[in-house]
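Which chain is which? They are A, B, C, D and E, in the order written, and residues in each are numbered from 1.
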Amino acid sequence: MAFWGVEVKPGKSYIHHYNDDQGRLHLSQATLGTGSSAKKSILQCSVGDKQPIYLCSLLPEKVENCPLNLEFDEDEEVTFSVIGPHTIHLSGFFFGENEDGGES
Amino acid sequence: MAFWGVEVKPGKSYIHHYNDDQGRLHLSQATLGTGSSAKKSILQCSVGDKQPIYLCSLLPEKVENCPLNLEFDEDEEVTFSVIGPHTIHLSGFFFGENEDGGES
Amino acid sequence: MAFWGVEVKPGKSYIHHYNDDQGRLHLSQATLGTGSSAKKSILQCSVGDKQPIYLCSLLPEKVENCPLNLEFDEDEEVTFSVIGPHTIHLSGFFFGENEDGGES
Amino acid sequence: MAFWGVEVKPGKSYIHHYNDDQGRLHLSQATLGTGSSAKKSILQCSVGDKQPIYLCSLLPEKVENCPLNLEFDEDEEVTFSVIGPHTIHLSGFFFGENEDGGES
Amino acid sequence: MAFWGVEVKPGKSYIHHYNDDQGRLHLSQATLGTGSSAKKSILQCSVGDKQPIYLCSLLPEKVENCPLNLEFDEDEEVTFSVIGPHTIHLSGFFFGENEDGGES
């Protein structure tokens, strides 16, 4: 149950909720998805009602991938959204119960 | 027995099955393989029957490598496939039994 | 309480203070923010009164992201600032109390 | 005794043998070395008599570095070789005895 | 006392000495510094009297950053130097005493 992946679409935020069974989320990668424009698409996230922070900026035919190395285990909602014309695929994994004292 | 590598070919999915002896798989890197087109090739993966997620997009002569940082230990099948004209080489390693309490 | 993000603006340093509850800060990513110039923007940091060190250099439409992998837990002030015309968004996470002997 | 570095030359494989004192090898980085051609150079590795896997592809004046994140602790020979006109410098580190239960 | 940063200048090596209080050094990032040439600058390192290894190659206006992931805890001198016209800023952190059995 380690892998995690979502596709975030322009105009449609994806909200991540922490879940005890899955544990802390490690967000590893953003990749440009479908969309015909050559304009850039920015991935941003906001935690609770804090100011959104840009996590990466993807440029078609130039920079279509961005490694990330972020972790989320907050009780508050984590909202991922896209500024721009493309969808952005996110991938990562859950640490699960093995990391923090569980058995393997 | 740490290193893991496969070559994923267009039109031919590679399926990863979890194995207790090898343990959790860490997928570290994707590199563009053979293929004569200048078009991009996308690596995607799906876990069980979930929607495929793009893991990276490789552009000949521009972006031929992509670091990944993904982990897989699901009981379900993990299917890697390529959208595009090139093969993609994947490399990574197994955590094996040393990580979770085994002896070295 | 893992995620951390700030937007550093040209001419306006951001100062990070260590806090026992949050623990060590892992700075993971810098992404170019708003600004109309095509000139590069450099992120630098200085610890206490030491010489500033460039952490990354971002080029509009070419290199808008830079993965970082830095950790801060000093008692001294850590000052992040931008040389150039764009804001730079920083993201990362706190290790919190789980890492160093706390319960999960 | 942490750091590890080698220069792999075209036509001359480098073979890594596991050694108990050094422990698991972490391969962190490939960088293009000397060579006058503008053609790309590919780093590949094979474990024992398995099929070689491309680890990265380096393009002069465009992509001269590639972060890797690979680990090797196999009893079999690990053979690194270059396809192309340039040497490739590899760097990384050994985990040594501290990781798996040794004292520091 | 986690953060570590230095600026390495052409023609002037920087020598790192291991120190028990600081512990193992993690070198995380190289960023191009000042210099007016458009030529590339290469960061190399040598441990003791071993052959220098290229760690990364930075190209002005194209590739001005390079993530590294190297660790040093050798008793021998570690010498960083630049081949080329620019300074290179290095950043990273010390693991300190928390990693290997110290209290937090």
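Basically, a contact is a pair of C-beta atoms (placed from the backbone, for glycine too) under 8 Å apart; a residue touches a chain by one contact, two chains touch by 3 or more.
Fair warning: this is a prediction, and the values are worked out from it, not measured in the lab.
J.: Specify the angle of rotation obtained when superposing chain C on chain D by their C-alpha atoms, rounded to a multiple of 5 degrees.
T.: When the C-alpha atoms are superposed, chain C turns by 145 degrees onto chain D.
J.: Once you find the CA centre of chain A and the CA centre of chain B, what distance in Å lies between them?
T.: Comparing mean C-alpha positions, chain B is 19 Å from chain A.
J.: Indicate the whole-number Å distance between the mean C-alpha point of chain B and the mean C-alpha point of chain E.
T.: 31
J.: Touching at least two other chains at once: which residues of chain C meet that condition?
T.: Answer for chain C, listing residues that touch two or more other chains: 62-63, 67, 69.
J.: Could you draw the chains as nodes, link the ones that touch, and say if you get a line, ring, star, complete or other?
T.: Looks like a ring, each chain touching just two neighbours.
J.: Going by the defined touches, start at chain B, step to chain D, and keep going round the ring. Which chains appear, in sequence?
T.: Putting chain B first and chain D second, the full ring order comes out as B, D, E, C, A.
J.: Could you pull out which chain A residues touch chain B in their complex?
T.: 1-3, 5-7, 26, 28-29, 31-33, 61-65, 67, 69, 89-93, 98, 103-104
J.: Applying the document's contact rule, which stretches of chain B touch chain A when the two form their complex?
T.: Residues 24, 40, 42, 45, 47, 50-51, 53-57, 59, 62-63, 66-74, 78, 99-101 of chain B touch chain A in their complex.
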